[in-house]
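Chain IDs A, B and C follow the sequence of writing; residue 1 opens each chain.
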Amino acid sequence: MSTVVLLALTGLGLGALYFLIASGLSLVFGLADVLNFAHGLFLSVGAYATWWAGGRLSGPWGFTVAVLFGVACGAAVGGLVELVLIRPLYRRPTEQVLVTVGLSLAGVALLQAGWGADPRRYPSPQWTQKVTRVLGADVPNDRLLLIGVAVLVLAGLLAILRFTRYGLVIRAGVENRAMVSALGIDVRRAFTLVFAIGGALAGLAGALGGVYFGSVSPGQGASLLIFAFIVVVIGGMGSVTGSAYAAVAVGLLQQFVNYYGTAGAGDICVVALLAVVLLVRPAGIAGRAAT
Amino acid sequence: MSQSPSRAAPAFRAVAPLAVVAVAAVLPWSTVDIPGVFDGPLNSPGTLQLLALCLVFGGLATGYDLLFGRAGLLSFGHALYLAVGAYGVDILVTHAHWPLWAAVPAAAVGGAALAALLGSVALRTTGIAFAMVTLAFAQVGSILTQRDPGGLTGGEEGLPMDGSRLPGFLVGVANTVNLYWLALAFLVVVVVVVHRVDRGPYGRVLAGLRDDERRVAVLGLSPYRFKLVTFTLSGGLAALGGVVYALVVGGASPALAASDLTLSLLVMAVLGGPGTRWGPVIGGILYTYLDQRLTSLGGTGAVRHLPGVLRGPLSQPLFVLGAVFILAVYFAPGGLAGLGRRGAALARALRTRRSDPARAGAGAAPGAGATAATGATEN
Amino acid sequence: MLAVRDLSAWIGGSHILQGVTFAVAGTGVTALLGRNGVGKTSTLRAILGELPATGSVTFDGEPVLGRPTHRLVRAGLGYVPEDRCVFAGLSVAENLRLACRVPDPDYDTVYSLFPELRTRARQRAGTLSGGQQQMVAIGRLLLNPNRLLLIDEPTKGLAPRVVAEVTAVIAEVAQRVPILLVEQNLAVVRRLAGTAVVLAAGRVAWQGEAADLLGDADRTRSLLGVGSTGLGRGAASDAPGQTDRKKDHR
């Protein structure tokens, strides 16, 4: 029983990480139609920024401030990338994807040049290394942290989408971008916003991912990104709740199959799930809707 | 090897590539030494190995371009078939003790068969979903090679090819020249196949598919079947390339199955000029050369004197390549081939002192002309 | 109000508009007519900037071709596309709110013309009937002070009774704002339009008073072809839907 609980919470923790990455990616894709390979770069930026700040700050709130710094850096990079690199290529979707590919290659190399390819130890706060007893299982606190943060983020995103003007624009734009323009609204500002949100969330994922994995390395973003892509497609592009469901499904599936089957079988099952979902329901679980 | 203008004599277009192949074939007998570009004279094993690698990737990029530039299918999982070819021939020769002449076709056909199988699933989707599915399949392959099932793949360190099982003329430093010719042969085969496909009615259907699927469907042809055949052919060519790669390098490694490799192929095709005759070949050769050489560039005198903040990034080949790639997407969307064509068109216009906008538009590489028109409206 | 000169546009490889020239009067309804597929919707989209085009378009004296769509709309050009394009995932109230461009939008007019929009405010727009969606689509235009409305086939696919309601609403709106109306239903055109512009083969084939065109059955048949509804049935002007409607194959 305790194994099941541990597996479930670890799966949910991993799912939480995927959700943080996938939700931003899904909005970017749903609204701006950009397949953003540079999203992994935003993640790494957040991770390294938090690592850098965390090494310099101390005290009980030091880590929190470092994480916020990482989130801010992610948001800034996300917004800048959209403004400088993506916006000039409006209406040229293939070129936009290509630019994000080039950016992911160059950006990771840049990080490698700056801090080397080897993983660096992460300044995780002490309490995340401890365990809490949940339903008879000893669960590491970093999982619980991830789950808690993801739930808060989900609630926050849904609130923004439902109650703010920009949220309204994003929800409408995911459905029909051209019509939003035809109502006199400059959709491009929403694009930049969505990229910034995506960057912030990816940065948060990077910051907390560092806690989960215990280290940061330049290539971390890329390996997580592939599973985030899968989550986006399964959940439905442009849908935040879809990403949430899909992330939970993928995280749990991966953990349970990897444990009860052979290592690696879980990853293969996830891909099989992707294939099945696409064949049965090409628009993903939630289809194309922002909430 | 630049793109010939479409109005030039047809004879020139037919002869020029043959002349280039002939020059490439006799290259290993020259002792020309180009310092800086190569570490040794042209007939030295190190240089030949580098050139062989460049040629292999030229062929791989062309095979990938069949999917991307001609059929308009953006696949992120192409490296999987490459890996199947490389690991296939490696495992068959080293573990199963097959003779090379049997292992090569088996690996190539195996790659094509896998492409047919996976393509039949992936092609039921389009656009981003298709890209994601192909990426996911390749990821599975990458995981499998690393997990080392049954000790077959050698896990993270890769699987060196057992030289004693290979025919003598392919083993040993002195025989690097044979590997060079093998790579050249592979490149020629791929280019011939792709051009054949392109020229024929099949190629026209592909071009139609790339632009608008409905037009093809309306003719009573099944877009799905065409795409599947293209996908299979492209996968088979990649597997063949994987075989040659494994022979040139002496083994297979998990990096072959990584998504980074497919991204590199994409960069090669785009830098060279997608959908053009020679663009991907040039892109593949240039990219591979830069990738191999830029790491050592970091150690040369010129770069060493740069301030640290510049030296670091410049000694990372991927940074330079990624940055060049981004610049190319903005300023040269047709790749090098597009630049060459634009230069030729410009030269022609200056010569005849007449600017013919219709011809200039028609000469642009696919995607460049159309995007120039739509890019004009600011939005 | 709107002057279109030599408008040329391509879709895919086909040269769909080959030099369209016409003018939209400052008052009343100008109907844009033509057979299926001739390019009526493309003309509207080209004016709005959704389709790349060459030529010139002047809106109230200002040249606007090539301007981004949202800026043109902010300048007072309202658009109701074919198929309405209301946002299915948003509620009726949210659809209206999204369209508000000015600090005090004219909800009074909208609710007086379409009382149902107030009662159904929280309903998801995707669950509305075609006619109700059309109310949302037109209503959201009326919230803002627009100087010209482009309306594309508002009665397409609607039941006859709803067609009558929509036509009545458009007639009332036309008293305040000039409208460029694309329509296939000739009875609706007869009821609403003052001027008519007919497209054929990528150009304007005829321009003039709508009554002149519709009164001449031969000319109507030759320019608009069989399949245009309301042809020669002499339908009463206040029951436009009673003629049988041929299904639109698009």
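The criterion applied here is as follows: a contact is a pair of C-beta atoms (placed from the backbone, for glycine too) under 8 Å apart; a residue touches a chain by one contact, two chains touch by 3 or more.
Because the structure is a prediction, the values reported are computed rather than measured.
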Quiz item: Which chain has its C-alpha centroid at the greatest distance from the C-alpha centroid of chain A?
Solution: C
Quiz item: Max contacts between which two chains?
Solution: A-B
Quiz item: Per the centroid of Cα atoms for each chain, what is the distance between chain B and chain C, given in Å?
Solution: 51
Exercise. For chain A and chain C, let me know how many angstrom lie between their CA-based centres, rounded off.
Key: 43
Exercise. Please compute the C-alpha centroid of chain A, do the same for chain B, then give the distance between them in whole Å.
Key: 32
Quiz item: Which residues belonging to chain B are in contact with no fewer than two other chains?
Solution: 374, 379
Practice problem: Specify, in ascending order, the residues of chain C that touch 2 or more different other chains. | Solution: 68-69
Quiz prompt | Of all residues in chain A, the ones touching two or more other chains | solution = 181
Quiz item: Quick one: in the complex, what on chain C touches chain A?
Solution: 48, 50, 68-70, 73-74, 79, 81, 85, 87-90, 94, 97-99, 101, 140, 144
Quiz item: If you look only at chain A, which of its residues touch chain B in the complex?
Solution: 29, 35, 37, 85, 88-92, 94-95, 97-99, 101-110, 112-114, 181, 222, 226, 229-230, 232-233, 237, 262-264, 267-268, 270-271, 274-275, 278-279, 282
Quiz item: How about chain A: which of its residues touch chain C in the complex?
Solution: 168-169, 171-172, 175-176, 178-187, 289-291
Quiz prompt | Touching residues on chain B, where the partner in the complex is chain A | solution = 74, 121, 124-125, 128-129, 131-133, 135-137, 139-140, 143-144, 146-147, 259-260, 263, 266-267, 270, 312-313, 315-319, 321-323, 325-326, 329-330, 333, 367, 371, 374-375, 379
